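Both complexes below contain chain A, partnered by chain B and then by chain C.
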Partner chain A sequence: MEMPEEVAIVASETSPFTRKESSIFELACNPCLEIFRKTNIDRTEVDSVILSTCSTLQYTSSIVSEMLGIKPKNSYRLDNLCNSGTSAIISAFCEIAAGLCDCVLVIGAECETNDSAKKLQWDLTRGSFNLPVHWASLFARSHMRKFGTTEEQMASVSVKNRRNSSRNPIALFRDPVTVEQVMNSRMISDPLKKLDCSFVCTGSSALLLASKRKAKELTDMPIWIRGIGQKTIGASLSQVLSKGEAGLNTTREAAREAYKMSQTEPRDIDVVELHDAFSIMEIMAYEDLFFTPKGQGGKFVAQQQLSINPRGGLLGCGHPIGCTGIAQTAEIAAQLTGRAGETQVNGCKTGLIHNMAAAGSSSSVIILRS
Partner chain B sequence: MEMPEEVAIVASETSPFTRKESSIFELACNPCLEIFRKTNIDRTEVDSVILSTCSTLQYTSSIVSEMLGIKPKNSYRLDNLCNSGTSAIISAFCEIAAGLCDCVLVIGAECETNDSAKKLQWDLTRGSFNLPVHWASLFARSHMRKFGTTEEQMASVSVKNRRNSSRNPIALFRDPVTVEQVMNSRMISDPLKKLDCSFVCTGSSALLLASKRKAKELTDMPIWIRGIGQKTIGASLSQVLSKGEAGLNTTREAAREAYKMSQTEPRDIDVVELHDAFSIMEIMAYEDLFFTPKGQGGKFVAQQQLSINPRGGLLGCGHPIGCTGIAQTAEIAAQLTGRAGETQVNGCKTGLIHNMAAAGSSSSVIILRS
Partner chain C sequence: MKLKCSLIMEHFLKCLKDHRFVIPYCSRCGSPAWPPVEKCYNCMSKVKLKRIKVPQGHLIEHTTAYTICGPVIFGVIEIHGIKLVGSLHPSTMPQVGMSVKMVNCGLSTDDTPFYEFE
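On to the complex of A and B.
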C-alpha cells in the first residue's frame, strides 16, 4: 500500500458525559461550537461534516450543519454500533487523503435514552442472552479458565480507570472505587459485577481533521494520523467464537495493520485509549494489541508501563455509543499536544486508539503521532 | 486539487423495485449475490462494505457482511436521506483513492414500509406542510410564474420517464401514461398531480468499486469515476429559498465541481440519471445541471438531445430512498458498458448522475466515463 496523503487532527473537544436526556442536535453542536471558539477556522472552510450516532432520526448531519451555520460539500450520518466513532474518523481521513476535502468536522453524539443500540437483537442464536454483558461474561469465564485470570485482576482495571476518571472533569463517574467495592457490587452476569461494566450514557465529542496544507494554517500543534487498521468478521457471537476461543481476533488484525502502516511497534506507544466496555475487555485488549503476551493480560494490570485509558476509559467516563471512538481519539490528540489537563501523561509522542463493537465482531485501531 | 487515484466501477446490479414488505437484509444481499455470481471476485477481496439505507436498525452493514460471507476491514451504514446513495459511493471512492482499500462493495437498500424518511419532520417552519410534495408544489408554481412553464410540460416529463420505464424490467411502473392521464390524475398539492410524483418503494442495488490495479483483474470494461461534486446548504426549506427563488443551488454547485474535476462540459454528457422525485424537479435539474439555460427547462422536455433517465428515473422506477443514488449509478455504469438491455442508449461514453435530498438542500453529482 502506498502511504496516503498526510492528515492531521487540528482540534478536538469533548462535552461533559451525563445521564441527561438531551437533543441529539444540541449534543452534536456543543463540542463543535467550542472548536470554532478556540480555533481560527472559518466555517466556510469546512468541506464535510460526518456525524457518528446510533440515533434513528433522519438527515441528522445536514440538520447539524445548518445549526452550526456550515455549508459543507457533503454531510452524512454514519453508524456501526459501538465502533461508529473511529469508522467516522477513518472516513474523514479518506476524504482528505483522497484529495476531495481539506477540512472535515467529525462529530459523535449519543443520548442515553436511545435504546436501539443497547441490545444485540439481530443475533437470534443468543436467545434472551442478548445484552453485551452476556458475551462479556463468557469471555471473562473463558479467560479465567484458560489463563487463571482472577476476578480481583478484573476489579483492578475498574479501580485504575475510576481513579483516572476521578481527575477528568468531563467523566460521568468522578468517585474512585476500591477492589472491594467492585467485588461487592451487584452481580450482573457471573463473574461480572456492576462495577466491571461500563455505563451507556449521554455525550458528545468532535474533531477537526485537515490536510497537511490546511493543518499548517490552523494549528502549530497538528497531531498526525499515522496508522489505521480495521477488521470486521460479521455481527454475531458465533463468528467471534468460531475458533473456539474468546479472543479479540478483529482487534489483533486491526492492530497489526495499524502498526504496519505507521511503522511502529507496541513498545513505541506512549498512551492508549482502549475499548474497556467491561473490565475483562481491557485485559483481553492488552494481549490483542500486543502489549503483553496472550494469557498475561491479568498480570499486566499491575505491571503497566504504558498509560492506558488516562481519561478513565469507558468504565470511568461512560459509554455514549456512537461518540465513544471520537472521545477516545479526542483524548489521545489532547494528550499528544500536552493539553490533557489533569489527566496528562508526561512526554507522550505516540498514541493508540482501540474501538470495537458487539463482542469484538468489528474493531478499529488508529495510531497518532505529534 | 490534485487528481485522486483512479477508481472504477467494476460491477453493478439492481434488484426489481416492488411494493413488497421485505427484510432490509434480504434486500441488501440480493444484488450483491448477483455481483458475486457474475464476476470472478473472491469474497475475501472485499475490503469494505458500505450500506446506504434509512432503515433504523442497528449494525446493519456488519450483519449484511456476515450474511454475504464477507469479512471486510470495515463496514458501516450511512444515511443522508434521498441523497444517501451517492454519498455512499463517494465515501467508497475516497476509501480507494486514499489507498486504504482496493475493493469496496456499496449497497443501497430500502423498504417501502420504513416511514421515518418520508416526512421532513425536523423543519418546524414547514408546519403541517412537511411532505416532499409540498415544497415541490412551491417550486412548480414559482417556475410557472417566472418562466411560463406549463403543467403539460411537467406532465411530459412523466410521460417520457414512464415510456422509458415500460422497457425496464426492474421498474415499479411498467405501463406508459399519456399527458392526459397525468393531467387528469388526482391532484396532490396544486399544481402537482399523482402522476407528477415519484413513489417511495422497496428496492436494492449494489456496486463494486475497485482501484485501477484491482479493476484490471476483475473486468475488461471498467467504468471510471471521473468527476465528483457535492454541496449541502442545510436541511430546511428556508435555506433553500433564502435567495428568494426556487432553484437547485446545491445542484448547480455540485455540477460545476463535477464538470471541473472531470474536465467535461455539459455538452460532453451522453446519458444522465437525474433526481426526478417530481416532474418539476427534472425540469429544474435540466437548468441547474447546465443542459439548458435558466427558465428553458420546460421547453427542453420536448427538445432533448441527451438521453435523460433512460431507466425511467424515479418517476418510472420508483424511489427506494437510500437505494436511489446507487440504482441511478448502476444504470449509468450499465449504459456505459453497453449492457443496459432494453433501455440502452447507443454509443454513450460519458454519463452523469444527479442525486439530491429534501428540496435540494443537498445535492451530489457524479460523472462516469467508459
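On to the complex of A and C.
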C-alpha cells in the first residue's frame, strides 16, 4: 500500500484513570479541553470528531461536539469493543489522507459501569463462560501445553507492567507487585489469577490528528503515522480457538501489513504499547508482533531489550475499553516527543501500538515515527 | 441475555430453553450456519434446524474456572461443524482431542445459554 497524504498526531492528552462513576460526555470533554488549552487551536478548524466508546447512549459524538463548542463537518461514535480506540484513529487517518479533512479530533471515553463493554452478548458460542477471562485462560492453557510457558512467566508480565505503572501518575494502579503476590492472588480461571487480569475502569483520552500542512501550523513536533495494519476474522469465539493454536492470527496479519506500509521491521521499533488485557496476551503478542519467535514469548519477558508498555499497559493503568487504544497511542506519541515524564524511554524514534478485541477476533497495529 | 433476533434464532433459543440442542444447517449446501441465521452465508439458501439426539464432539482445549459455587471444568468443543464453550462433568478427566457428548443444554435464569458435556 502506497502512503497517501501524510498524517500527524499534533497533540494528545489522557485524563487520570479512576473507578469513579462519571458522565461519558464530561469524561470525553476533559482531555479535549486540555488539548485546546495547550495548542491554542481555533475550534472552528476541527473538521471531524470521532468518539470511541462502547456506551450506547444516543448521538454521543455530536453532544460532545456541542459541549466543546465545535461545529465539525462530521461527527460520529465508533464501537469496536476493546479495539475501538485504534479503529477510531485509523478512521481519522483515512479522513485526512483522503483529503476530506485537515484536522480530526479523536476521543476515547468509557465509564467503568458501562456493562455493555464487558462481554459480547451476541456470541452464543461462549455459553455461560462468557467473560474475557474464560477465553484468555483457554489461550493460556494452550500456550503452556504447546510451548511450556509457565505461570511465573505470566506473573512476570504483571510485575513489569505494575512496576511501570507505579511511575505513571494517571495509572489506576500505582503499587508495584511481586511474582509471589501475583502467584498467590485469587485464582479466577486457571492459570489466570486476579493479578494476571486487567481491570475495566473509567478513563478518557484524546488525540488531535492533522494533515501535513496543518500539522506544521500547530506544532513543531509532529508524530507521523507511518504504518497501519488491521484484520478482522469475525466476532465469535468459534473463529479464533482451534486445535493446537495458541496465537493471535489477526495480530500477525495486522503487524505484517503495518511493518510493510511503514517499511520497518520489528528490530526498528523502540517502544511499544501492546494489548495486555491478561498477562498471557502480552506473551502471545510478543510472538505475533514478531519480536520473538513463536513459542518464545514466555522467555522474552525476562530477555526484552525493547521497552514494552512503559506507561504500565492495561494491567497497570486499567482498561477503559473504548478509551484504551487512544490512551496507548497518546503514550507512544508522548514517548516520541520526549514528553512522557517519569515513564520516558530515552532516545526512542519509532513506536508501535497494538490493540485487539474479543479474543483477538480483530486486531489493529499502528506504527508512529517522530 | 436478551437477543432481538430472527425467527430461526428465536426457534433455536426456544429449543435450547426446552433442553434440546439443534444445529442450523443450510438446506442446500449442508454448511452449518452459526450463530443461527435465516440464510446460509455461503449460498444464501434457507437454513433449517436439525435436531441432534446425542450431540458428540471433541475437546479442543480445557481449563477450570473458579466460581462462587466452586471450581468448574470447562472447555471448547468442536461439535458438528461448530464450536461451543461448555462445562465438563466433574468426573471427566479432560484431554485435548478426546470425544465428549452433550448431556444437557439450556438457558439459565438470565437467558444465558449453557452447554454441559461429559
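Definition applied: the second predicted complex is superposed on the first by the 367 of 370 C-alpha atoms of A that agree within 3 Å, B and C clash if a C-alpha of one lies under 4 Å from a C-alpha of the other, contacts with A are read in each partner's own complex, and residues count from 1 in each chain.
The rule we apply is simple: a residue touches a chain if its C-beta (ideal position, glycine included) is under 8 Å from a C-beta of that chain, and two chains touch if they have at least 3 such contacts.
Source: prediction; values computed, not measured.
By the touch criterion defined above, A:D190 lies against chain C but remains apart from chain B after alignment on the C-alpha atoms of chain A.
Of the two partner chains placed by superposition, A:A327 touches none, neither chain B nor chain C. Contact with both chain B and chain C is seen for A:S236 once the two complexes are overlaid on the shared chain.
Ranking chain B and chain C by residues of chain A touched puts B first. In the superposition on chain A, A:G127 makes contact with chain C only, not with chain B. In the superposition on chain A, A:A171 makes contact with neither chain B nor chain C. Of the two partner chains placed by the overlay, only chain B lies in contact with A:S361; chain C stays clear of it. In the superposition on chain A, A:D79 contacts chain B only, with no contact to chain C.
After overlaying the two complexes on the shared chain, residue contacts for A:R145 are found with chain C alone; chain B is out of touch. Of the two partner chains placed around the shared chain by superposition, chain C is the only one that A:S137 touches, whereas chain B remains out of contact.
In the superposition on chain A, the residues of chain A touched by chain B in one structure and by chain C in the other are 122, 236.
Residue ranges of chain A in contact with chain C, taken from their complex: 121-130, 133-135, 137-138, 140-142, 145, 186-191, 236-238, 241-243. Note for the complex: chain C touches chain A at residues 1, 3, 34-35, 60-66, 74-76, 78, 82-87, 96-97, 108, 112-115. Those residues of chain B that touch chain A in the shared complex are 1-5, 49, 54, 56-59, 61-63, 65-66, 71-81, 84, 87, 90-91, 93-100, 116-117, 120, 122, 228-236, 239, 254, 257, 357-358, 361-362, 364.
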